[in-house]
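Shared between the two complexes below is subunit A, which pairs with subunit B and subunit C, respectively.
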Partner chain A sequence: MSMRSDRSLVPQLSTGLWYGYLVLVIAFLMTPLLSLIIASFDSGQTFSLPFEFTLKWYSNALTSTSVQSAVDSTIRISIPVTVLSTIIGTAGAIAYTRYSFPGQEYFKIVALLPIFFPLILLGLGMSMWANVTGLGYGIVPAIIGETVWISPIVMFVVSISALGVDPNIEEAARDLGADTLTIYKDVLLPLIVNGIVSGGIFAFVLSWNNYYIVSYLKGSEITITTWIHGRMTQGFTPVVPALASMIFYVSLLLLLVAVLMELRSSR
Partner chain B sequence: MSVREFVRSKVPTDIDRFDRRLALVSVLRPPSGLIIPLVVLLAFMFVGPIASIVLFSVQPTNTISLAVADWTLDAYREIVQGTISGKGVYGEVTTNTIMISALTTVIAFAVSYPAAYALATKVRRFKLPILIALIIPLFTSVNIRVYGWVLFLINEGVFDLLAGSVGLDAPSIIYTRSAVILGTVYVYLPYMLFPIYLSISTIDDSLLEAAADLGAGRTKQFVDVILPLSKPGVIIGSLFVFVLSLGAEVEAELLGGGTIYTAASNISYSFGYSQNWPLGSAQAVGLLLITTVCGVVILRTIDLTEIASRGGSR
Partner chain C sequence: MLKATNLRKEYGSTVAVEDVDFEIETGSFATIVGPSGCGKSTLLRMLAGHLSPTAGQIELDGIDITDSSPQSRPTSLVFQSWSLFPHMTVAENIEFPIDAQGLESNGRIETLLEQVRLDPEEYANKQVTDLSGGQKQRVALARSLAYEPDILLLDEPLASLDYVLQKKLQRELTELNAELNTTFIYVTHSLESALIMSDQLFVIDDGSIIQRGSPDEIYQEPVDKFVAEFMGDANVFPIDVVERADGRIRIDHPVLEGRQEFPYGPADRPVPECLVVRHDDTVVKPSLEHELGIPVTVVNVLNKGNTALVETRDKHEDAEYVSEMSLEQVSDISLTVDDDAYLQWNPDKTHVLPKGDS
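== the complex of A and B ==
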């Protein structure tokens, strides 16, 4: 949008007010996360005043065997979900953005629809379906269930990145004698690789933080989010804020990497 | 008889096999080969579960296996009668759910619009850090974030710690409907903010210049150009927030402290404690219909090409 050339005090002041408002919105969005971090360093059995600094809940979280087994189950779900949904979502994105075929818009609508579903609906529908079909509950059903929700998100992210690539580029490569495989390997995939990597990181972080779907499909397995939820609602321990904070730190780090990848690709 | 047919009549088996292999290859050739995995996955674990919700809603009370032939409308009858007679929780659940979703949508809009407007038109420096700060919450587990609000709001919580240090003493809103709405506004705010931001940033600068040349002041530019052109974003964002907050369960459970019942918490209760799948499903069908309609409307409106060309961190 055009900047006015009159650099007087008034527009600068109003820009400052707009920034101030955004800072307030960000402060609102950060409030619970910062509260969690503050509470994770408090020494009380339940968070209470006065505040006393400690690191013991972090060390308890890292040494607890029930936390370790929850981390273990979460990883056994998250890694396959990341791999599967990155492949499936990327394939869908390439089909939608680099080809034209009958029913393309319907494909987009159906493929992206799960993103708009409240997760509780997906979770309980999947839970009944797993019972009816004999799929059962546990690691594998949880992987399939999360992949249904996360693949469309990867497709969305990769599509945005693939739509930025010149539509004539495959044609040019084909004219120069490249076959389909070569076009993919040497032309298309290198151009959208940053989108794919950030889609993959989003997939991992979303799977790692998933609660609703996994809680309906996990069976007797306990993942980090269901462990935390169980301890929040009954049998609270001060390890909960510490563990939740650690998950937040890891998610934040991965997210920053993903954003930087996206940024590099858009340059 | 063509040459091909002639040859086929002579050596039928080999050519048939070759044809079939050719057919298989052409089925797997892009784009079909790229679409099939996603379509199979969704057909199995998205369409199947939705069908289960619909089918279970017409089963007799407390069944956990499907016998489609024995269909009944008992579950629906119970909900409708419960709502009409005012007995049980249905009346309260409907009021709570609609109140929470409607207020959440309105408040999220009021908070997001100025922020989206500022982000799209006023912010030049620090745009990327601001965008990152706005999306961080989306990638943190819902129950962790809502629990953070509990820690903030509880008696002697983080709020009291901060307020106490400046000598303030305010009663906490935790375990009220306001607390639940605070939670849903918090969780779904980004779903309102980003569509509006994208729609404002797709407005062509030259339109505003033209409006200014024709003598429109800043207010008139905003009312006559920006506001109408950002309507798609507002509609998408509102549908998004309304639908997703209909499904708010953790917010009601943790911030409502088990005293505020919403459709989602009631559905989850029917599944969890009372093990009544048909009753839970019948309640879920309403949510399912609203969700599907809104989802399709949103997706028909969204143009990915436009988002890709304008939505970057320009």
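== the complex of A and C ==
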């Protein structure tokens, strides 16, 4: 074998390994989700073969009062969290990307810190803090807790958009006579609106799917994730995979929208 | 008239612009030229109001505008990257300053587009992202002129365009300047643009104005080695001054043959350090025919189209020089590589210069 073919073997091998790795990742990621979805359509009390198709569990999930109240609590948390973290995250992103100030890099590290904290510890810490400060537990503490965790993620998403905007654009607008309000309203915000919307979608999905923070701070409220967790530990019912699948469908749809918006804005 | 007095900008311990003074007549085309990082853009941003000077004063027609905001001063800046609003159409971009300043726009957009040689019917409703570089440049110009500024500041706006388009837009800019009663202040590192367009030229380096005057004055009489080298392709010969008296100097150069005395004044001018001769003021010939010359070996002959660059090496000192000659001259003498010859010139074309700060 010549030297030449020896050398071309290495990239081939590494490409092969890379594809193999990709297949494994998808298999590990998708198999549990896929089995959950299949189980949600199976008529048995526990998932077993032979498979028999039904929509019963979906209709049970949609009509169950406990599920309805869990969805209601989740929405009462997710919507304020989405609004708050989108505002805070966007403000942070604008500050970080469009202004220069002393300690800018430290600001980024501190702002992104909550993302790198294990959620279970973050939830525990927040729970202790809620107790110490007398804030207590319930919808409002859950909203505050989730906002603390989600705002940096929104900041990250909006920053990507804001970094893509011409660095001189505000200066150009100011030079042409625009006041600060006009610069934001007519120039900067329209240019990063796709980033803000995807940030908001991310915020909603993350809040919707959150378990750890909400389980520590919710008090007596039951949200979708805590309801599922409860059912998993005390009395499994096939409504669980149906509800979990529905959450997955909603998340998938929203993430798809977010990705499409990002693609459109980067075009 | 725009007047700057002792204008200074410091960033911590770095001085970006050092005590600059100038006066620019209303309606003229002034160019600030200098190498990258010389402080020219900082100077322009101070004139636009985007940077506050550390010290000094800017006056427009006798009114102090040093501290007025960019919105309120009658200047408009065209950015190097144009900074058009990508989510707006051509017409919306031009309308932006008209709306922001609360002016009436009736017919103004069409007039402005015509002024910058864009057909209003074809371009007004186009998205700016669909335009070519040259068209974007024209829209940026129209947008900056929309509220009739007294002074148009241009920060190398042609730098990213191709050569032919640059030439075309340079001509159009000078025409526009003549048409309007607006002062144009153009910042560039390109000497060629500076020479073509300006009435008034400021050569700047290390934050200070080194020389000012008409392009012709500066080209013909550079004050020091820096300006001479910056203004045009030139050969530099380091010299030692042996005697200086009565506005003349006598020099000592190991290989320079011919005249060794040159006029040099006034008496308080710094000691000269070099002779500078432009490439196109020299010729390379087998024997010494001019009053000044240096024995060289031909290293390379490059055809530039209408002229040829003859690269030579000093026989003794190993320094390299260039002569720009007509193609006829080169073929008449039939110069080839490794020929022994003289790089020579008329002593009148010699600039005897101090080194300069840089």
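The criterion applied here is as follows: the second predicted complex is superposed on the first by the 244 of 267 C-alpha atoms of A that agree within 3 Å, B and C clash if a C-alpha of one lies under 4 Å from a C-alpha of the other, contacts with A are read in each partner's own complex, and residues count from 1 in each chain.
Keep in mind that, in the parts below, a residue touches a chain if its C-beta (ideal position, glycine included) is under 8 Å from a C-beta of that chain, and two chains touch if they have at least 3 such contacts.
It should be emphasised that the depicted structure is a prediction, and the values quoted were computed from it without experimental measurement.
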{"item": "Fit or clash - subunit C, subunit B, common subunit A", "value": "fit"}
{"item": "First, second, both or neither for A:Thr182, with subunit B first and subunit C second", "value": "second"}
{"item": "Which superposed partner A:Arg174 touches (first subunit B, second subunit C, both, neither)", "value": "second"}
{"item": "Contacts of A:Leu33 with subunit B and subunit C, given as first, second, both or neither", "value": "first"}
{"item": "Contacts of A:Val240 with subunit B and subunit C, given as first, second, both or neither", "value": "first"}
{"item": "Contacts of A:Tyr249 with subunit B and subunit C, given as first, second, both or neither", "value": "neither"}
{"item": "Which superposed partner A:Leu191 touches (first subunit B, second subunit C, both, neither)", "value": "second"}
{"item": "Subunit B versus subunit C as contact partner of A:Asp166, first or second or both or neither", "value": "second"}
{"item": "Residue contacts on subunit A - larger count, subunit B or subunit C", "value": "B"}
{"item": "Contacts of A:Lys108 with subunit B and subunit C, given as first, second, both or neither", "value": "first"}
{"item": "Per-pair minimum CA distance [subunit C against subunit B, superposed on A] in Å", "value": "16"}
{"item": "Partner subunit A, residues of subunit C touching it in the complex", "value": "48-50, 69-71, 75-77, 79, 81, 83, 85-87, 96-97, 100-101, 143-144, 146-147"}
{"item": "Residue numbers on subunit B that touch subunit A, as the complex places them", "value": "29-35, 37-39, 41-42, 44-46, 48-53, 56, 64-66, 111, 114-115, 118-119, 121-123, 126, 128, 130, 132-137, 139-152, 154, 156-158, 160-161, 164, 186, 189-190, 193, 205, 208-209, 212, 240, 243-244, 246-250, 253-254, 264, 267-268, 271, 277, 280-281, 284, 287-288, 291-292, 294-296, 298-300, 304-305, 307-309, 311-313"}
{"item": "Touching residues on subunit A, where the partner in the complex is subunit B", "value": "1-2, 14-15, 18-19, 21-22, 25-26, 28-36, 38-39, 47-49, 51, 87-89, 91-92, 94-99, 101, 105, 107-114, 116-122, 124-129, 131-133, 144-145, 147-148, 151-152, 155-156, 159-161, 163-164, 180, 202, 205-206, 209-212, 225, 228-229, 232-233, 240-241, 244, 247-248, 251-252, 255-256, 259, 263, 266"}
{"item": "Interfacial residue positions of subunit A with respect to subunit C in the complex", "value": "166, 168-169, 171-179, 182, 186-187, 190-191"}
